[in-house]
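Each of the next two complexes has subunit A plus one more chain, namely subunit B in the first and subunit C in the second.
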Partner chain A sequence: MTFRQRHLALPVAVAIVAGCLAPLAVLVAFSFYEVEDFDLIPAFSFRAWGELATSATDWFLIGKAVLSGVTTTVFTALLGYPVALALTRLATSAKGLAIIVLLTPLYTGEIVRIYAWRIVLGGEGLVNTVLQGLGLIDEPLKFLLFSPFTIGLVLTYNNLPFMVLAIWVSAEMVDRRLIEAARDLGARPVDAFFRVIFPLTTPGLAAGSLTVFALSAGEMLTPSLLGGTSGATAMALVDNLFGTAFDWPLASALALALLATLFLVASAMAGLLLRLKGARAVIGRT
Partner chain B sequence: MEKRTEPALSPLLLAMRGVVKTFGRSTAVDGIDLDVPERAFLTLLGPSGCGKTTVLRMIAGFETPDSGDMRLDNTPLAAVPPERRPVNTVFQSYALFPHLTVNENVAFSLKLRGGIPDMAARVRRALDAVHMADFGDRYPHQLSGGQQQRVAVARAIIAEPRLLLLDEPLSALDRKMRGHLQIELKALQRRLGIAFVYVTHDQEEAFALSDVVVVMNKGRIAQKADPQTIYSRPADSFVADFIGNSTLVKGQVRERHGDVATIDTPLGNVTAPVADGLAAGDPAVLVIRPELLSARGEGMATLTGTVGNCVFQGERSMIEAEVAGVSLRFAAEAPYSIGSSVPLWLDAGRSFITRVAT
Partner chain C sequence: MGRIGLSVLIVAAGFLYLPLVVLTVFSFNDSALMAFPLSGFTLEWYRELAQNDNFLKGFVTSFLIAQPVGILAMLFGLMASLALTAPGFRWRGLFAILLLVPFLVPKSVLSIAQAMIMSRVGFERGATALILAQSLVALPFATALISAVMVRFDRRLIEAARDLGASPWQAFLRVLLPQIRPALSGAYSVGVILSLADLTIAMFLAGRTQPLSLMVASEFRRELRPDLNAMQVVVLALTAALVGISELYRRRRLRKLAAEA
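Showing the complex of A and B:
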């Protein structure tokens, strides 16, 4: 990169860093404040941090966010690879259409989708009615709605397009002759996938994973409205502490702790994926 | 068909019969029969779009013929996927795996077969064969084009295939490197005793390397013969035109006596060897290679031409002389001035009368 190119990126870089650091600085300051009669009083108190450190619930919810992010990432990656690879084999004209169809759920808005899921998965919903009609079950399946299963299903569904897009772009960059070369040298299609396609698409997998992890670990609406009793999230707790309980210091401390944890997990994920040989061959050629 | 052109070689390795391949509305390969004997160096030669690469891809298993029969060692290939064919390919773009070192690239096919005890030694031997043993730990992007090509060859021969396919392997290299590698490839093929099927559009390369040259045109085989026969007795005007700097003079066969005929052309009547199947009255083409014309000779000159163009090439000059509306190409030791008159001697006995290509 020349000096001039770096120079051009400077204003945006400054804006991003400032826009990211300034609110964080505010959060850090708030986390040391005190609250008296619903008044935020500037102070240097460790009350909020102490409360957070000893709260099993808070750490359970942070762990749950990580778990939710990681499982959603794994499921979207497992489902996303076949879809992304199928996309690369379409004719160019069909690709545009396929991608628009893939993104359709995102155009509908989250609330609409959530109520649609209730209709599909409810006790008298589409799935249970069909299964009962076919005589496969006698009682409606209860776990379909308001359960961890629901949260996993819907988070995977919501985030799949981001994973597919990221892997697809990466897979399009893999020279098709490399796959032919692998087959020619004795690789069955499954060998060609694990030895050539997967390594060379790890940059896409990394981009998709970071996106999906960030979006799903911080998701609040879907667990709240579809998770039933299992729908508590760290995000909802932060919302509650800021809005209802008016404990801004604790809300700030919890938000910062969540942020730091997710940041660490995401960094580990990126480091792991981008350290693979395939990723280095694609992005590290200098 | 010419019977004399089939060289006596070892037993049949690959047989293709009536193979057709279409892509949408265009027919890439239009019913070809092709035999590849064991240990042969066979070249598919032709302009781009003639179907030669499609033939190669069908042998490798990347394309499935629409109809026809393909057998390797007398086993039908139709249901055999690429990974189970004893055939390996050297790709035009080399197609080295960018995330693997040279050693790992070369070992790729051995690793897929599970634990081969002497793998390192075999990789070393394969790289030695292409003079790349010192580059085992490099990545492909750290190599020059010629070096990548050598690695691609090593990777393709390590599993000891029955047949090696090479798809214009030298086309991306500069002229000097191409010459070096031609000699090496030929020597390697002799040493390994593996049959090579080589695709190129460069007739010099085809002649330099091959035992058998198969000239393709519009999805069909125009001629299959040894290089000398292709050069001196082209099966039709397409082959004659594609092969060299020859002048093609249109005419009509007047009479035929055995292997010799007289053709009526704008240059006058010329008596020369003739292709099989041409009879009196047939339209035909007289093929005059540059070395059959000379501005020096004994006795009366055969023709008189007017110099239309002269290209100085150092040790010689290439002259185009106009005779009765036909432009004849020949080499002369000294340049001629344009417009001057030049006497020409034609060695008619070594020219050739052949069919007009359809």
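Showing the complex of A and C:
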């Protein structure tokens, strides 16, 4: 058999299987193992899964991950649409610059962003100082830092560029004449958006939603470093079971349950968005 | 461009850059407290930073880890893109889904699973593990960048080169490579940048290696410090320089290609 270009897929596939799929498969195996004297013993025990099934905390945390992913997706979509649509109106020469402006914040380290928000939102931070200076508040707003609000804000911040990018690419492909036609026929800008632009950009919205959901739902650093008492996450619990408690079976079961739940929600979300009329029109009339 | 559109873009840019601007301002602020009003200009925190051996070591570690990640992401991204655009590749759909796995599985789940399997087979956690795991996470991004350029490439050019007697390797080097070089440098930078930005994977796989992000994270749990501000600004500036250089390089290549055409 001679060498063909397509054979280059092999080393890549091997790397992904060994580096991603094998570890996940091992997670499945470990979830049935038993632990004795800080040693992992191969077995076929349902102890971990049973414990997980009856633990209200674990399911609460998994639900929280889903909620956090969905909220972030909704917020980034609401903010992302106006930005993406404004970007399509830029002159071509300005678009290259706009991409750099949009993506540079993504290049800053996770820890840099978290650190910077602490300075912005703290008791003597930028927001509180400005509001107090304007005489709008007397006491610093406490809920700004170490609260669910902080987690929502920072997750939205972290993921907004991905959503904008996905909607933007989709919106660039909408034929401008369709919008003009709608306007000429008497549609208000709002109608033109909901009846023309939105349906035709649902593929971009679906891609953006999938990305943002995948990136935000499994996030553990932002909640743990900025969420204060509300910062508990399923992944932090997995980390704790893995490192401190040495309960690998339960850690594996919890991580798998989280992964499966996220996968189901993400597929449902993408499926729902792609079933919309506009998406079918864009992707192909099969 | 309407006035509404312009104000939307200004507000969005303000939101995206606000934390970074505040960080920079406080790194030059003459006070150990991160609070308003500002007290005056100083370079004291940068001086302290330059004298902190630990941080310098962290810098070097992060930099040395980021280089192989960039190179591996670029090489594997190139192979994946070549396979994806190869004629007659029956498993294209399946392969594309496989490539998305490192992107769609949360980094935290992936790293913990990798840490478990590694400790079972006796593979020591450390720089090597970190480099491999980060390269894997960078792979989907690198592949997207390279294959986006490659799908636009006219395959007939390769066929013409082959007809004129070029070996497959020569055809790749002399015909395809010059066209995709900007994308390759982009893939390399994405690998480097993702590696520098990462904290999650490092938390699980770094072992005794101490990249900068891990160091900052442990300091950060205790307190905010102005020299940490200064360090973040330095990291930010280095990353921006990297982005700038690779963008300039990309534009120059594109201009040169356009001039040749």
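Before moving on, here are some points about what is shown:
Here is the rule we use: the second predicted complex is superposed on the first by the 263 of 286 C-alpha atoms of A that agree within 3 Å, B and C clash if a C-alpha of one lies under 4 Å from a C-alpha of the other, contacts with A are read in each partner's own complex, and residues count from 1 in each chain.
Here is the rule we use: a residue touches a chain if its C-beta (ideal position, glycine included) is under 8 Å from a C-beta of that chain, and two chains touch if they have at least 3 such contacts.
In this text, all values refer to a predicted model and were calculated from it rather than measured experimentally.
Using the contact criterion defined above for the overlaid structures, shared-chain residue A:A268 touches neither subunit B nor subunit C, since it reaches no partner. Of the two partner chains placed by the overlay, only subunit C lies in contact with A:A255; subunit B stays clear of it. Looking at the shared chain after the overlay, A:A245 reaches neither subunit B nor subunit C. Looking at the shared chain after the overlay, A:D184 reaches subunit B, while subunit C stays out of its contact range. Between subunit B and subunit C, C contacts the larger number of subunit A residues. Contacts of A:P199 after superposition: subunit B is touched, whereas subunit C is not reached. Once chain A of one complex is fitted onto chain A of the other, the partner contacts of A:Y107 are limited to subunit C, with no touch recorded for subunit B.
When the two structures are aligned on the shared chain, A:M173 is found in touch with neither subunit B nor subunit C.
Subunit A has no residue lying at the interface with subunit B in one structure and with subunit C in the other.
Subunit A meets subunit C in the complex at residues 3-9, 11-13, 15-17, 19-24, 26-27, 30, 40, 79, 82-83, 85-87, 89-91, 98, 100-102, 104-120, 122, 124-126, 129, 157, 160-161, 164, 210, 214-215, 217-221, 225, 235, 238-239, 242, 248, 251-252, 255, 258-259, 262, 266.
Residues 60-62, 81-84, 87-89, 91, 93, 95-100, 108-109, 112-113, 139, 141, 155-156, 159 of subunit B are the ones that touch subunit A when the two sit in their complex.
Against subunit B, in their complex, subunit A makes its touches with residues 175, 177-178, 180-188, 191, 195-196, 199-200, 277-278, 280-282, 285. The part of subunit C that touches subunit A in the complex is made up of residues 1-2, 4-6, 8-9, 12-13, 15-20, 22-23, 26, 33-37, 76, 79-80, 82-89, 91, 95, 98-99, 101-110, 112-117, 120, 132-133, 136, 139, 168, 193, 196-200, 204, 213, 216-217, 220-221, 224, 228-229, 232, 235-236, 239-240, 243, 247.
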